[in-house]
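Have a look at this one.
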Amino acid sequence: MSGTAPNPSAAREAGPGASRWRAGATAALMAVGVAVPIYAALTGDTYLVALASRILVYALAAVGLNLALGFGGMVSFGHAMYLGLGAYAVLLLGASGVTNGWLQLAILVIVVGVVAAVVGTISLRTRGIAFIMITLAFAQLFYFLFVSLKAWGGDEGMSLPQPSSFGPFTGNRTALYFALLATLAAALAGTHRLVGSRFGLVLRATRVNERRVRALGTAPLPYRLAAYVLSALLCALAGFFLANLTGFVSPAYLAWTVSGELIVMVVLGGAGTVVGPVAGAVGLLVLEEGLKALTEHWMAILGPLIVLMVVLLRNGLWSLLPGGVTNEARR
Amino acid sequence: MAAPLLAVSGLVKRYGGLLVTDRVDLALEAGEVHAVIGPNGAGKTTLINQIAGEVASDEGRVELDGRDITAWPVHARARAGLGRSYQVTSIIPEFTALENVLLATQSVRGHNFRGWTPVTAQRALVAPAEQCLELAGLLAHRHRSAGLLAYGAQRQLELAMTLAIEPRVLLLDEPMAGLGPAETRELIEVLQRIRHRYAILLVEHDMHAVFALADTCSVLVYGKVVFRGSPDEVRRSSVVREAYLGDEEIAA
Amino acid sequence: MSPAFLLTQVLNGVQFGLLLFLMAAGLTLVFGIMNFVNLAHGSLYMVGAYVAALTYGRTGSFALALVAAVVGVFVLGIVLDRLGFAALHRRDHLDQVLATFGVVLFANEAMRMLFGSAPLYMDAPAALSQPVVIAGFNYPAYRGAIIVAGLLVAVGLHLLIERTRLGMLIRAGASNRDMVSALGVNVGWLARLVFALGAALAGFAGAMVGPILSIQPGMGEPVLILTLVVIVVGGIGSIRGALFGALIVGIVDTLGRGVLPGLLHLVLSPSLASAAGPALASVGVYLLMAAVLAFKPDGLFPVRHS
Amino acid sequence: MNIRIPRAIAIAALAALPAAAQADVKIGFLGTFSGPAAALGQDQYDGFMLAVEQNGGKLGGTAVQVVKEDDQLKPDLGVQLVQKLLEKDKVDLVTGVTFSNVMMAVAKPLAESGVLFVGSNAGPAPLAGKQCSANFFFTSFQNDNQAEVLGQYATDRKYAKMMLLAPNYQSGRDQVAGFKRFFKGGTVVAEVYAQLNQPDFSAEIAQIQAAQPDAIFAFFPGGMGVNFVKQMNQAGLLHKLPVLTVSTVDGTTLPALKDTALGVLAGAAWGPDLPNAANKAFVAAFEQKHKRIPSQYAAQGYNAALAINSALAKTGGSTADKAATRAAMRSAGFNAVVGGFKFNTNGFPIQDQHVFEVAKDAQGRVSLKTIATPLPALRDAYVGECPLK
């Protein structure tokens, strides 16, 4: 394995007291998630739901990327591509008459699954920085493809003809929010189970020492590829929500900067921890929001803050909670 | 007579113009310990890598139980019964000791596309894993992070992982590397306890270990087997002494 | 499509490639020797362009502007390395990417705070501002100067790396860092020097493009992406790879834009050709990179690691 | 050199003032204020705020509070910010919007809210045609307008061979279509689409030389424009043939081009030398405050404020009755800095479109000089598709 992979939890002391902190923080996050629309309904501050929905979309995408990047050591610099594919699926299917949300989801899973399998098969031939760059290349290919698709709005993007149809919940923003929250919770629960399963063991071991995994009798490629596809599907799901949330789809969703931001969220929150990416997404977007209220030159503050967090935190926000990494075991 | 469990014939590896493995032949039966010794740079690790499949051979054959596995990939050889350990400790530091061994036990029990049930909750996997840990004397440490284990314990874990894929042939690459005298003795004992179950190819610098364990010794110099015999014959051989010129270990 | 037209386009591609080489040489050295992914390389290029434009504006001397950019960014490189980049060398690539991404955000905003969002003015020196005619095509003299500068840097780097003790250490460092420290060389200083050298090259590139490109915040990122493409295609850590990678990317990109649409018009229907041509040209470089990596994951001229 | 920090503070103070004086009307200003394209949004905002300031913090006699939001050129963020402006800040009006992709993204939520929107830059075609909204007004242009006037100019000058260049994206293709709509009598020898944000134009410039047109039409906004003009100049082509441009030489790029751009032609509805009195006052006030020549984006922002001023004056400062506010805006009579200005049925402007040449002004600064007005009182091409009457 190349040195590119993060080494997020070189050693985890599985003390029961330690993991309680993290479980508590996760529960607190979820409780806040549930409380937001209730608070918004009571105070009439409906914008809060819009803000929180967008954060949840990116949190979901970050949780997806984390599966490849954090647990699998596959540093994809092109996951915005799947976010965009998910969003465009809603537009393209909606415009061609497929408005049923479940059907859209089913088609999305198949199409993105196939695309991710092909892209993953080619990309996983490479390691380290080459993998970073080849995933970027594929994302750029799709970006420019959608930019030149005039019929679908080109770079200007296009409004959805109608939101995905889910019976009485169609177009309901609160319903959308809770669907997002439930999906994120399911993704987190799924990740939690996956990480400790046979599949998860192979995936995580491969990140650290691929050679050893082979010598123990397991060919890592199918598992890495599966994790890559799964991670792409989660991002596509986030894109599906993003399209419905904004009622709009544009190639800007596939821009390389979005891929970069997803990486920032994952690493900032804690790559290779289950809930870290959520903390990263919340942290980054709330920070942006707060700094922008402060000054128009907010990037001049955000930049150094990111540097500081990398230097001081090493393993992300989530590692601030006990039960995390012990530095002594980190090389 | 039936074919030997592991048969290596005419194995060759070249790096550029350099012959690293020079027509090596080996045959191992179950219950037999065959030690490969030789000075640094003799090509011992390369030989193990060739047998295990990590390094492609330029010529020669590797047969396991009569089947030609020369072209097989590493993981297929491992599943067919070739277990190897590494000279440089090659464990997953962020895993617990038990998880490290589970990674191995699950490898030989069907595919791993099972993503929901925690491995540690599967008796069918945990029971054999714990057996291996017990064999290696690590059962008490099974819930500790591998990265936090003492070096000696990590070497034992290395061996436990190798055993957990239920191999028939063990390729041990300097299992005693870096161990103190007490730890070495302990590991020799472990190997003595289990040797009857496996065919063992042992690459080792520690001559105490070699003479205590080996049935046969091959002396490798510049990739070529220059001498083969029992430990006693090796001790007496002038060829070996010449190869090890100035190396006191042989005198011990 | 006349031969003269093709020749001009190839020349354009070579020139663009050499421009990319100036960026790629520094980045690949830093990458290869320190195993350090520096996204802020584009920011150093931007700073070089700003320093050059400001110096040129004050003094009216192009030579002085070049010197100021090179020296200024060289010093900035040493300062940055001291301030903490050096501490990042031992971190994994992701941390490096993230931290230097933070530096990029800061650098762009700092330029905007200091000099505004609008681009800065810088023109080519009078002696080079007129075109020369090659085979019936006007070729800007200044672009000729870029070709010359790029070739000189390539030759200079070649001599530095193949003929000097410093170069020997750099080569050794690229393939085996421990060996260099075993030789008793202070790797920290070697790394700092190489980093500053790479920075100075980026600053030089920034100064050279001042007269042909818009000098504004964020100008570094598009070039950075192309530079990353170049060093990955060429093979990380290899100057030779950077040179050939840059030339290949430059020529593919230029011919893709300049010749491909015309070729497509010959074989496809006009409407299809005018739709496919630009789309293909936009992704030509990325197709090239994907193809190279799929078949040669270590790039076309990989450095052999021992 | 243009140090911006003190001005930012001044704006903040200014924005705070009317708020303290109990604003009666809240206006949301959505624009792109960060990243490489920030100059455009900043100019829109500066122009808008200049008018607010000149009116003593009031528009239509009513104290206004301006809530400024930065969309970072991200459509999804734009949608979120529009929701914030509407639901949290509960603004009565929305203005600004710099880029078409953000405009397209926010169009639907804005239209559905019923709140009046006065756009001061982006004017994408769908919003002028099928997706037009009675709540939308634009003081800038329909995106094609500025290319259309150059098409007419090329026809008037009887150019026989034209070559058209633009980046390969929707706006680029729209501009080319707009030019061709009014270019008659000659032929388009080549259309060349460059990559979006491409730094080097040598391949395109060689194609220009190969095609040997009588004139070229180019649309390269922002930094691309600077690159293109510089490189054309060095190839010695800038003064060899007429270069007709849109958004390529304007108030934001001329300071970076200076004398290099002399002689380049630009199509637009506004230039600093337009002779009407409102414009003279605007340019003088802007230059005094910001120490630079205003750009067309500043003029568009200023016009947006004037339009709101006029509409609010008619409704007595209230936006409660949406239909009345809409009607007031539709019939807004104000001395726009472009001279004659009317909103068409689709909310887009009917105004003269001019051709400008980059030239030195009376003070010797490089600026834009009116040379022709080929399309007086131009209406956009899409109004027929808009069901509004």
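For reference, chains read A, B, C and D in written order, and residue numbers begin at 1 within each chain.
Quick note on the criterion: a contact is a pair of C-beta atoms (placed from the backbone, for glycine too) under 8 Å apart; a residue touches a chain by one contact, two chains touch by 3 or more.
Just so you know, these numbers come straight off a predicted model, no measurement behind them.
Using CA-based centroids throughout, the chain positioned farthest away from chain B is D.
Chain-level centrality, scored on Cα centres against the all-protein Cα centre, points to A. With centres set at the average Cα position, the gap from chain A to chain C is 32 Å. Rounded to whole angstrom units, the spacing between the C-alpha centres of chain B and chain D is 74.
With centres set at the average Cα position, the gap from chain A to chain B is 42 Å.
For this pair, chain B with chain C, the centres built from the Cα atoms lie 49 Å apart.
Residue positions 34, 168, 196 of chain D each touch two or more of the other chains. Shared contact sites, meaning residues of chain B that touch two or more other chains, are absent. Among all residues of chain C, those that touch two or more other chains are 108-109, 112-113, 278-279, 282. Inter-chain contacts, as defined above, occur between A-B, A-C, A-D, C-D.
Across the complex, chain D meets chain C through its residues 1-5, 34-36, 38-39, 42, 168, 191-200, 202-204, 206-207, 209-210, 222-227, 230-231, 233-237, 252-253, 255-260.
Within the complex formed with chain A, the residues of chain D that make contact are 8, 33-34, 70, 73-77, 79-80, 83-84, 86-88, 100-101, 103-105, 107-109, 124, 131, 168-171, 173, 196. Chain C meets chain D in the complex at residues 1-2, 5, 8-9, 12-13, 15-16, 19, 108-109, 112-121, 123-124, 129-131, 137-143, 209, 211-219, 222-223, 253-255, 257-258, 261, 274, 277-279, 281-282. Per the touch definition, chain A reaches chain B in the complex via residues 7, 9-14, 190, 193-194, 196-202, 204-205, 208-209, 211-219, 222-223, 226, 326, 328-329.
Taken together, the chain B residues at the contact with chain A in this complex read 52, 54, 73-75, 78-79, 84, 86, 90-96, 99, 102-104, 106-108, 112-120, 125, 143-148, 161, 164-165.
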